[in-house]
Each structure stands twice: as structure tokens, then as C-alpha cells.
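The structures come next, written out as C-alpha cells.
Okay, so subunit A shows up in both of these, paired with subunit B first and subunit C after.
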Partner chain A sequence: MQKLGDFKLPHFFNYPPYFTLQPVRETREKQVQLWKDLILDYCRTQKIFVLGLEEEFPLFSNPVIERTLSHEAREAFLSALVSEGRAEWLDKGHRKCRILWHRIQDWADSILKFVKDNGFEDSVMTVEEIRSGIESRGTELHGIDRTILIRALKILEQKGKLAIFKGTSADDEGVKFSV
Partner chain B sequence: MRRRPGIGGLQTAAAARDQYRLLGENVAKLRTDLMKEQLATFRSQLEEFARKHKNDIRKNPAFRSQFHEMCAKVGVDPLASNKGFWAELLGIGDFYYELGVQIVEICLSTRPLNGGLIDLQELCKLLRQKRKHDREAVSEDDCLRAISKLKTLGSGFEVISAGKKKLVRSVPTELKKDHNEILELAQAQGYVTVDEVERRLSWTHGRAIDALDTLLDEGLAMIDDGHSDGKRRYWFPCVSSISSFGADS
Partner chain C sequence: MANFFSKADVTSSGRPVLLRSEVECHLLSSVDLEPEDHHHFSPLKSGLLILTTHRLLWLPSASASTPTSAAAIPLPAISHIFSSKKSLKSMFHSPRIRFQVLVLPDGRVFEPGSGSGSGSGSGLGSRSVVLTAVVRGKGDCDGFLGKFWDSWRARAWESNETSGSGSSSVSGSGTGTGTGGGLYSSDGSVRMVGVAGILRKEQESWESTDKSLQDAFQDLNALMSKAKEMVMLAEKMRQKLLSGTNSQSSATNDEDMGSKEEMQDWLLSVGIISPVTKESAGALYHQQLSRQLADFVRTPLERAGGMINLIDVYCLFNRARGTELISPDDMLQACSLWEKFDVPVMLRKFDSGVMVIQNKSHSDEEVFVRIKSLVTKPEALRSGISPSDAAMTLGIAPAMAKEHLLTAESNGLLCRDVSPDGFRFYINLFPEIDPHDVYLVKDYGICETWIKAVSTSGLR
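Showing the complex of A and B:
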């Protein structure tokens, strides 16, 4: 089985027709499903949060079989993820896409777990500390996309689990937990 | 008998013919009886054989295949009914029933990828993987028998030949001769181009496109526009090994 680093690529990735958008509806549906799963899987294991459609992304081409996804195909697969709520376009031109391999709610749950595991129920931290502090190492939160983190925190804020406030430095915010 | 003239002679001749006829019938009946007896002996010997070699029949696909042939020669079908001597003795009915169910499962699960047509060898390979932990080995012959049983159940299963390969069809799609020929052509590299079809089969452009489009619509073919030579290729998952799509230049 072909690998990309540590990641095991599924068999369809080596079958040339899967790199061409299929015209027949049923076949296309199957194709889109396979690609959606692959993109989510890969991004999750590699902790990739944003994809640029015009950039060199390893999944977009397979040099072994000499095939590359057309821009149209890339957009089709990512749009399917967007429709499902597993991705968001960052721009109207659909050039960049944020991948929600965890839904925002899942991230919120992750944060709560992080708080409980470390006894932070009444603590104060900066947003940056949540995503890159010592305690975050080895957890999924480490290196999380900032925008996604803030969104998850806002959900928890609405539930009264924490309060977000502006910090001392211009570009960092703080969080007071009350879990 | 000496021939006598006159009516008396005719009556005697008629009586003689009747007697010969009766004798002939008796001989025929004797022969049939003898044969029936021989057949009955052979059948009971076959049963004895089956009893003795039950394990070999269960475990050894080659042995099992030869056993089936022997049975066929004697007019015995161990699979004819799930009850009765054979089924009980060998549990063979259950074995093929189980195989049939597993084959249906595999065909259904691979249908989205190959349109309902799968290479027999590929099917057997997937079957063996599925049955990894079972003690009974499975041969292509076993698969074919299980499929023919499925067929009598009217489940739409059929084995078709395309070139050197046997393909198992699990959808009601009727494959016309034209489609079959394309499948045969596709076996060399896993795909065909329109040019190739026209050239190798001596078809018009229209005929080639027609057949390929139908195969595409039925989900048996997929298009590939990614080759550097710019020619569209039609790939056929059913002639490839689904479990390991190979690279192609």
C-alpha cells in the first residue's frame, strides 16, 4: 500500500479514473464520498487546518500514476465537505478552505476535557497558552487553528463555562474558566 | 420353427413373433434391472466413500471437486436438497449455502466500485479473506457451484466469460455482445480508448461511443482524462483487482 510519510493511502488513490470528475451521478457520488473521507482523514492525522486549492497539497496529485486533480475536481470535493459542515471557504473565490476534521462542538468538548484533566476549572489562561502551552502538548489542542479555537471557546462562553476577555497584549485574549 | 403354408402357418408365425417380442422385452427388463442394481450398488458405495472421507471432502477443495464429478456421473446431486442423506452426512448443503450468502455480501459491498461485475478470481480472493478463520478452504470451483445454486434461487447472479476471464454479474444488467467484446479488450491494460476500440474491433466511431457510454452509465466503466497524451481512457474496475488498483502509464 502506498504511503505518504506515515499515512496509509487508500487503494482508490492509485486508480487513475478517481482523479477525473465522473459524469455518471452514482459513480460521482461514490467518488466524492471516497475523496471526502480521505481529505478529512489526512488532515486529521497531519493536523492540517487550512487547504489552499492552488497549492501543492500531497493529496491533490499522485506522481506514481501521473495524475493530478483538476481545480474543478478539488473544488467539487471541498464544496461537498462544506455542504456537510466539515469545511468552510475562507474567501469568495474559493481559493482557501478551512477543514473541520473535528466539528466545532467536538473541539468544545476537547477543551472541557483539557480543563478537567489539568484541574483548570477556575483558572485563567491566554488563548495562546491553550493551544501551545506545556499542558497542551500531546493533546489535540496543541497547534489548533486559532480561529477554530476562538469559535469553540465562544460556544462554551454561551454555555457559561468560561468568559473571554481582552488580555494585556494587543493580540492575545484571555479565558477565565468556570467549569 | 418349420414354416407351414396356409392360415395355420400365419397364426404360428404371429405367435412366434409375440414370443420373440416378449423375450426381447424380458431381456430389456433384465438389462435395466441389472443396471439399476449396479447403480444402486454404486450409489451405496459412494455413500460409504463419502462417510469415510467426510473430512477430506470438507477440507480439500480439489478432492471435493472430484467428489462432485463422481456424484454427477452417478446421478447424485449432494446439493439438491438441504435435507436428506447427503446434506446431513456431509453438511455440504450448509457449506454452499453459507458460501452463497458470503458471495452475495461481497458482491453487494463491491457494487459501488465495480458496477455489479466482479472478476471471479478477485471474488474468490475476497471470499478467502472473509473466511480467514474458517477451517474449510474455498476453491474457484466451490464459488462457481455456490453461484449456480444462487442462480436457481433466481437472484440475478450469473457467471459470464469475457476473454480469458470469468466475471460474476450480480445486477440484472444485460451485457450485450458489444459490451462483452470491450470488456475482453480492456483486460490487457485495465482500460480502453475509443481509438483502440475502433481499430481493434473494426467498429465505427458511433458504435464504439455508444457501447462505451452504456457501460459508463451502468457504472461498469469510469473515465480518465488525466493522461498526458490527452486521450480519454475508459477504465473497468471489474477487470482490475479492486483490492489493489495498479498504477498505469
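Showing the complex of A and C:
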């Protein structure tokens, strides 16, 4: 079975029609479904948050069978993710896309779990510490996209689980947990 | 009396079966045929009256409630045609054509050369009956009468009889490519269509302008008699080819057979003896054309495996018609009229806009089964099939094959692969894949077969 780094590719990755946008509705629905799942799976294992349509992306071409997804096909599959709330366009031209392999709500839940596991119930942390600190190493939060993290924190703030405040420098913010 | 008329055969699509070298001259719709003073037969109501060089045919209209069979009156049986009277009374009537028909003592219409015994031509012991054709439709009645006179006077049947014995050896094929004396009628005018038809028209116009040019026609006539020989030669060659393939089919190699078949095709496509023309059919043009086309298309359709491109039919049909070409519009209209008749063929439009003619019995399922077996071969599983691959295997035109593949695709049997290598089709594996476990391979599914085929080719 073919692999991309440590990611195990399914058999149909070598099936040439998988790389051509199918015109027949039923076939296309199935194809789009398989692509959505594959993109999310791959991004989760590789911790990829932002995907550029015109940039090299290992999934979008298969050198073994010499097939590459067309721009139209890439946009179709990502648009399908966007309409499901699993991705967001970063620009109007649909050139960059943020992949939410966890929904924001799921991210908020995993932040809470992280806080409880480490006994930070009443502590203060900077946003940068959550993303790249020693404590988060080995968890899903390590290396999380900053925008996603802020949005997850804001959800928790609304629920009264924490308070976000401006730090000393302009681009760093602090979080006061009160779980 | 039911058997007053001679028998007239009609094809399954409702076109009359013509005799050898018989040509249709004019048609009139909604015509009643009734006897004037005798009760020889019950009046025939509202049918199609067809004038040919040999006969007067009456066909029942398709919508007739009671099934009446087609009737025919041989032109030689007609002893007189009354010219139409222009009177005040006639202005309020439907136009009428009156003519006198010789009737045998047994009450049937006179038939030349068929058991009428001695003195057949003189009508010995026969009576005559006056028949009236009442034209209720909007036909060109005067034109019909003119053509009626012409055909009756031309005596095309006589030249047929005289040459009948000479050409009997080659007439067995029944295709009637004009082997007989039908090329010429007794007065020297040409009875052929096609290139000969042009020459005939030319000749007629000359005659009308200057009678004294008659002598100059010696050359033209000589040319025409050569043309007649050419047609006979073509027919003889065809017969020879046919007998040749039968006797020594085992000895001939494929190439030889191929060229022979090609030769036969050429000879067979020499022409439809009597094409339906706007001139002869008038308002009934499309209807009659439609029927003729339905009859014509059967042979090429069989050869093409039940479906044939409309453009191909157009070319074949026009080649068979010689010079009486029809326009694509007329063709399309003739095809779309099939819905109204009971004919075994139909026009079909693919999603891509390509139009084809197919047998009504033709089924996509059958084609799908063949495509499926084609696309599940190991080689096709690995690299798919192109329309030309399918065309070769299915024995049809590439454009046609592509339509079949696209139809199979829209039915979920195939899916496409567009790459720099071209446009190819693969068996559709998508329904087989379980979205909850993409790594799972179902046992004995097409997916497993595919993986096996791919893994043996060096791809992992």
C-alpha cells in the first residue's frame, strides 16, 4: 500500500478516475465524500491548518499514476468542506483555505481537557504558551493555528470559563482560566 | 367484389413495393375511388393515390378504421382517360379524374400477360368500366392528370416485357437495380433517375424548344444505351461475386473477402429506383419520404449493429437516391415523423446532442453488458478504455462508441479519467468503496479484482 510519509493512503488513491472530477451526480457525490475524508484525515495526521490551492500539496497529485487534480477539482472538494463547516476560505479568490479538522467547538473541548489534565484551573497562560509551551507538547494543541485557538478561547470566554486580556506586548494575549 | 383490383404489395412501413424499373410519378392524398355505373366493388374511401409508370395504386390511409388492402390498376388496363370538363358545376365539386378500365369476363380488372389468354391486348370479350377518382384533399389534380396521360402514353410496361426474357438470368436478385429495359420506354424517353434523370430532363427541354434537333440525339441515345449496359454489367458482377463467395469461401483469404464485400456494397448502393421527390409527392413529401427511409435504413442498421449515426444514414440515403438529393432538414423531419407511423426504427437523441437511428428493439442493457465485459479485462482495469478501443471491440463507429460509453457513465457503470494521456473510461469503483473504512477491500468485489490487476502491473 502506498504511503505519504507516515500516512497510509487508501487503495483508490491509485485509481485514475479519482483524480478527475466526475460529471455524473451520484458518482461525484461519492468521490467528493472520499476526498473530503482523505483531506481531513491527512491534515489531522500532518497538523496542517492552512491549504493553498495553487501550492504543492502531496494529496493533490499522484506521481505513481501521473495524475494531478485540476484547479477546478481542488476548489470543488474544498468548497464541499467549506459548506460542511469543516473549512473556511481565507480570501475571496478562493486561493487559500483553513482546514478545521476539528470543529471550533471540539477545539474548545480539548482546551478544557488540557487545562484539567495539567491542573491549570486557576492559572494564567499566554496564548503563545498554549500553542508552543512545554505543557502542550504531545497534545493536539501543540502547534495549533493561532486564529483557530483564539476563536476556541473566545467560545470558552463566552461561557465564563476563562478571561482573555491584553498582554504586555501588542501581539501577545494572556488567558486567565476559571474552570 | 373484393378481388376486382390486382394485388399490390406494401412494405411494413406502408410504402408500395414497386415492380422492376417502375418509378413513382405523382401522389394525391384523400382520394376516393368509385365505379361510375357498375357495382364492381364498393367505393374505396379516402386513400392515397399513387401514379407510377406502370400502375395506378390506391393505398388505404393509416387512420382508416376498417382494414382495406392496397389496390392496383395496371396502366395497360386503362383504355381511356377522360379530360376534365371545365364547367360551372365542377367548380363546386371536389376535382374528379375519370378513366375507363378494361375488365375481364370474370369481373376482374384486366391484367397484361397474366392468364388473360388469347388476344389479351385487344381486350377481346372484355368490357370496360368507368372509374372516378374523387380528390378530396388539396392535391394538384391537374398536374396529376397530366402525369397520368404521360405515363399512360409512354407505355413503360411494354419495354419491360420485351426485354424481360433477355434479362431474366440476372433478375434473380430481386434488388431491381434497373437491369431491364426500364431505362427506355418505347418512345425513347429515359426512365431512369440519378444521372440518367438529369439527362432525361435535359432531353425533354430540348425537345420542347426545337424538334429539329432530334437527329442530334443519336449520340445521346448511344451514350444512354451504354449506361444501360453499365448497369447490367454491374449487376452481373455482383451476381458473380455472390456466387464466388459461396463456392470458394474456404479458399479466399480475408483481404479478398473484404474487397469483395466492398465491391458488393458499391454495386448495391447504385440506387433506389424510385426516390420520393417533392415533385412527385407534393404535400405528402415528408410522410412518404419518412416511410421510404424506414425501409431503406434497415439494411445499414443491421450491419451497424442496431444503431447508426444520423449523418451516416444521410450520406448513405443520398448516395442511394442518386441526384434526387434531400436536405438535412428534410431528413430530420422524415425521421421525426416515424413516431406517428408503425415502423420498426426510431430516432434517438443523446444527451450530447448526437442523433442516431436505432431499432426499436435495440436495448442499452445489451450494450452495457458488452461494455462491462470489455472494461473488466485486466488490461482495461489497469489503464481504462478509450472510445476507439470500444469502437473496435463493439464493431461500431468511434463517435457512436463514445455515446455508448457516456450513456454507460451516466448510468453509473463507468467513470472517466481525463489526463494528458487522453479521455479514458474505467469501471466505476466508487460505489464499492466504504466511506467509513477506506482501507477495507470487500472480498470478491470488482474493487479486489482491480487491486489485483493493478498490483501485477508494477504499481504498488
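By definition in this document, the second predicted complex is superposed on the first by the 179 of 179 C-alpha atoms of A that agree within 3 Å, B and C clash if a C-alpha of one lies under 4 Å from a C-alpha of the other, contacts with A are read in each partner's own complex, and residues count from 1 in each chain.
Just so it is clear, contacts are C-beta pairs under 8 Å (C-beta built on N, C-alpha and C of every residue); 3 or more make two chains touch, one makes a residue touch a chain.
All of these numbers come straight from a predicted model, not from anything done at the bench.
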item	value
Combined model on subunit A where subunit B meets subunit C, clash or fit	clash
Contacts of A:8 with subunit B and subunit C, given as first, second, both or neither	second
Partner chain(s) touched by A:64 [first = subunit B, second = subunit C, both, neither]	both
Which of subunit B and subunit C A:38 touches, first, second, both or neither	second
Touching partner for A:48 - first (subunit B), second (subunit C), both, neither	neither
Partner chain in contact with A:19 - subunit B first, subunit C second, else both or neither	both
Subunit B versus subunit C as contact partner of A:30, first or second or both or neither	both
Which partner, subunit B or subunit C, touches more subunit A residues	C
Subunit C collision site on subunit B, chosen from 7-15, 61-69, 97-105 or 223-231, when both complexes are overlaid on chain A	223-231
Shared subunit A surface residues [contacts with subunit B and with subunit C]	11-12, 14-17, 19-20, 22-24, 26-27, 30, 64-67
Partner subunit B, residues of subunit A touching it in the complex	11-12, 14-20, 22-24, 26-27, 30, 64-68
Subunit A residues touching subunit C - in the complex, by the definition given at the top	1-2, 8, 10-12, 14-17, 19-20, 22-24, 26-27, 30-31, 33-34, 37-38, 64-67
Touch list for subunit B against partner subunit A, complex	112-113, 191, 216-217, 219, 222-228, 233, 235, 237, 240, 242-249
Footprint of subunit A on subunit C - complex, ascending	384, 409-410, 412, 415-421, 424, 426, 428-431, 433, 435, 438-439, 441, 447, 450-451, 454, 459-460
